[in-house]
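Chain IDs A, B, C and D follow the sequence of writing; residue 1 opens each chain.
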């Protein structure tokens, strides 16, 4: 029940924030802040002390900490079914934390209808939480679509100069792919009907269906497309740079921090477990896309002159690693992928917050008109430097652990792909340092006035710095949380296949 | 039944012919009055077809439908003529090609 | 000794403090923290070394398990044996001297706080690198020093050129690092662990000498080493890296960081023993590098660039040593080189400092009397660099050459190359001395080095002179090298060559018996000197082969080729929209006609199916 | 005629009596308020009477009419829609002179729709269709201030007259072939007389053409935007929802009773036209700046989606689901359309911009008329088929039906169409979300309370089936089994 309460809490908080605007223009952000904090605390206290393993399905999708099922549309076997396991918990916490960051980053940015803005922010969070919790396919799709609308409004109303184009592109990309997923979901459900004689959209009923290969392949593609558009993977990424660039700071933070993760989550939770065989056949292509994304994103990031755009393309590159990790499909790589979701969420959110702060102060995102900012804003510069090196994968920070695990796992399966993907480490260094050069280094413009980070911003930044260092030096808690899901994934395929037992002398000689 | 029997097919063919004439009129005439008239022709062609079919099966239904169609046609034309008056008053013409405010 | 973890922690902590203070700290405190922390670390190391020399047993310390995924369980753990102790002593000892020196050198700089933060961070990272007990932790230190080098080279960020040099340093080494990472992947996938000692054991049990896998693995590791240690083909970053403050060059680009590659190979020599081809490649790379760099050093006019090339060349000697299996002598040369190269750089720094940032040696001259302290330290440094007899450099370099001679087959060639290098070293090092300190003065020094500068110089002088007498506790680490039993002829030749170099330098640059100008004026001379000045034009080569293509590619992709597809779809839709809207003429007759057309169309379809 | 018969036909009787009553009332005293209220009351009563009629259903009253729960459900729907239209158009028409007859005609039109819903015989079909159309002509032409309605009315009259004639000719041919006029009898007749195909071919095509025209299926859609555009907004809503709904109901009934699904070619053609309509409709609406025309085109697309049902019905195993889907879709679509046009009525109250609403006029609506804008937002999202709205559940129904029948091509064109469709719905939303003063023109809109409340109710009707559709679903299943 507490899961439903969590979502309702966020929705209600949104309404509250919206209306509180009538009382005082500052009230909404405080309301929003309070709501998210309360939600976070509530989530953490409502966790059961020990992990009860629910009887879920023969192939064991791991241990579910919480599970809720209320009848909704029996006619289609649709229920309000929510469940929480380590992975969802991880992502929920990330979501709420980044929610806080987003609110902090837009603290003084929004003067037009702050109430509605915060409301949309919270509603987006609610939608994302729903996505991470829903285990009824219909419900999942519902959240998947619904979270877009407040996000769309965030971009379309509070965005920058070219918001219409960006918002529409974002919405249509995700919507079109979403429709394909709906199709796939229904097809899957009807397969279930054929198999079990009972129409049901519950994840647990659909898990472990034996589909006829061709149909399974196409259905899998439906899911894959929806998720990779959101991820985003090459070549479906083109909505992302525009959306990120045009969105208000908080919007970019949410987009990059958590909305992209819903794609990865979908692949991990649904696409692969529901269609193990098809996914296995598809793995090479998926990994190819991943590598393409890694390199393409990095090269384009280097080519950009717009700060936010650069960061956006770096996301494309980083999410490529997630795709690689998921389809390399062994423990190391999968853990790496999960790790990457979290670490990238934090680092990119921080960079977008920085970009937002710069834009708010300098009224431009064009790095050509920056330079030498370190002189005026050393604190900003230090943060920028930290997150730049984080995103280029400096050991000791979260992103490194993630990328290293992914590549290590991938190397056991596809050494040559791993070698290609490792180029991403170099290209990442190129664009990150180039970004630092153009913004904070170089000769400063002396008569430029630039306010350095204030306490609030430093607080937000500090949190993320600490988080990244923690992830980099002691990631074990995160890994343990994700472990059950990953174990279950590995049971899905005959172990002589892509899944490589990392015993000495196992793989490489395999093509 | 005495007298010469007209095979139904012929009547239907005639009806079809009339119907097509009506259609042609609709497609070719620009004057709204003539359009309404060709509409009438079409409806009557239909009515004729029904009558012929009814006769073929020796049922009254055909004639009944015939009556219905007549009344309907009357109603249509009544409204139509009402509109024609309005058009004449507003457009100062009955050429429907002039009435093309709504388009695109 | 459980307090080992203190050693890296001290500088790290002070670095964090300095960063968090965000430049609000008084200079005195900054200096105290910055130098003091390293000093303390040095003391700890000294204690550690004393204990170690006493019992000579390997010390291991595990702090916590970094991460545990399946069988992949790297730990944050330290492994301390003779090699580590030697490295730690060099890092903290020389490091401390350089920090002390920096206090005076950087005193007037506005962001001295940032400077010391970076320096401390660097020392910490370097310590982690040498103390790590598994390759992943080593990689952490490895990248850490890379980052610090980037930060310090670009320390004066206002000048874009510095930024460029810094980026070059980081990215070029990153290339090597990536190769190294791949090496780690391979090693783990094959051997199932990254802990160095167990890994070496496993390697010996899994692989035979000359297997392809160890060759591949060591080649990848070598890639990393080559990058960090500025050997061919990844050496191009080091000369530019002189853009940083001089003490930085002394610490990072001479004494410690650049020797990381040497350390890596020495640390994993067990693998290299399994891969003779790589081993040989190491030797050849070393030889080639030391010759090319030495030639390049001949033509430079920037005092720091000369020293930079000499560094490359000296590390070439170390690689040569590793290649010929004389690990101990390689490390020995590393130590002595740390002493005299630090000395040289500090002295050079002092010169620059006193000549208000003059770099060009031909605008110096006659400083012998004006800056005596510096002159003497420079002289001693150069002597050691040129390996004149009874200086520290002499012992180490001699040992290397002898063991090169020992190698059957290629040995003599390596030895000859080394000798040539030695002679060149003599020439360029004393060219430097003669041009800068003798002859007529061009620039007047405006100040004298204070005690904070002088003390390190003097200490280092002593070390450079007597360093040769040190006995490093490496016996337990490396297999005992066969005692070189070369003929005396070889001995004498290798003693004599540097002197020859010195003589030539004297004739060319001081005695003016045969003028350098006449040599350089010939077409060949001009061509060569130009070629060497530009470091064999390898930068241009890379520029053409890598940089420009990458720039071109990124420019070509700049505005999203993929989007073209989607835009095409959009315009297709718009086209269709306009076509369809064209039908909406608003003409009643046309509408009726269209209805008839529709009717006909349907009939047509039906008929098509009917037949 | 027994009491049962009367009970079964109660809604029709109520409507007929009500119409008469209205005439008398108008003759007695002219008062738009009174007439409007009375009309609404009558329509609501008729809707309620369906509830009693259900008790007697299913019952075949004379060969012409069949009052089963399927028919009565739609009677309820149509009557309610009519009532809402009456309330919406209340102060809209009262600006012209002699507004009272408007309501009378509305009641008659609704009655026509109800007759269609009950029709199982050519005669009743003819009567219902004409009753509906003829009153619609006048409704469209009613505002006598501007000339656009007039043009629209004439176009609609001529074309729909021709369409009816075409359909009837087709029936005449069937009659000639089979000698019967009842739907199911026709079906049997066709089966018995082996000469099915040769006559059926032209006959079916003509019937289908006639009805497809009224449904504005591509390629018989050209009239739609003009008429929608010209007609007064409330009437447009009525036209788009009730008129089309009624025709589709009778079409479906015809296909089911006469079991025309046996003739695969016919069904195939239907599928083809469905695809045409889905794609072309959405493409036509793509860059439309006039909201009424945009909605007209989108209605074409929606009919395209609806036609999928006919395809699915071919497999008798899925027929139940398909019909269920169709009913749900019609209900959702009617509610949404009426709401959308009702909102347009409220938004475009200024006389100048009434007859055609440009996107410019809704610019910044969120900040001028938050409530209206939010309602409009919901309506548009429902049309676009976004979750939590009736439109989505309806689409979900369709997808299920189509998947059950493995109609992949139709499904993909559905996805394609909807993806294109999103663009123009978003466009309106975006205009509404424009910040004040961001892009020039501002239209200050008056708004009346009654209209708002009404639209609020409609939105509730959109959201409720979207969020908790179960009860409705169960009711539909109950009807069909």
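Throughout what follows, a contact is a pair of C-beta atoms (placed from the backbone, for glycine too) under 8 Å apart; a residue touches a chain by one contact, two chains touch by 3 or more.
As the structure is a computational prediction, the values presented were derived from the model and not from experiment.
A comparison of the B-C and B-D interfaces places the larger number of contacting C-beta pairs at B-D.
Overall, the chain located most centrally, as judged by its C-alpha mean against the mean of all protein C-alpha atoms, is A.
Ranking all chains by how far their C-alpha centres lie from the centre of subunit D, first place goes to C. Rounded to whole angstrom units, the spacing between the C-alpha centres of subunit B and subunit C is 97. Here the CA centre of subunit B is 26 Å from the CA centre of subunit D.
If you average the CA atoms of subunit A and of subunit B, the two centres end up 66 Å from each other. Inter-chain spacing, taken between the CA centroids of subunit C and subunit D, is 78 Å.
Shown for subunit D are the residues in touch with two or more other chains, namely 154-155, 158, 162, 166, 225-226. Among the residues of subunit C, those touching two or more other chains are numbered 581, 584, 586, 588, 592.
Pairs of chains in mutual contact: A-C, A-D, B-C, B-D, C-D.
Listed in rising order, the residues of subunit B touching subunit D in the complex are 8, 12, 15-16, 19, 22-23, 26, 32, 35-36, 39, 42-43, 45-46, 49-50, 52-54, 56-57, 59, 61-62, 64-65, 68-69, 72, 75-76, 79-80, 82-83, 86-87, 90-91, 96, 99-104. By the touch rule above, subunit B contacts subunit C in their complex via residues 23, 26-30, 35, 96-97, 99-104. On the subunit A side of its complex with subunit D, the touching residues are 72-76, 112-113, 138, 141-142, 145-146, 149, 152-153, 156-157, 164, 167-168, 171-172, 175-176, 179-180, 182-183, 186-187, 190.
For subunit D in complex with subunit A, the residues that touch the partner chain are 366-367, 381, 386-388, 392, 396, 399-400, 403-404, 411, 415, 418-419, 422-423, 426-427, 429-430, 433, 435, 468-470, 473-474, 477. Of all residues in subunit C, those touching subunit D in their complex are 573-574, 576-577, 580-581, 583-584, 586, 588, 590-592, 594-595, 597-599, 601-603, 605-607, 609-610.
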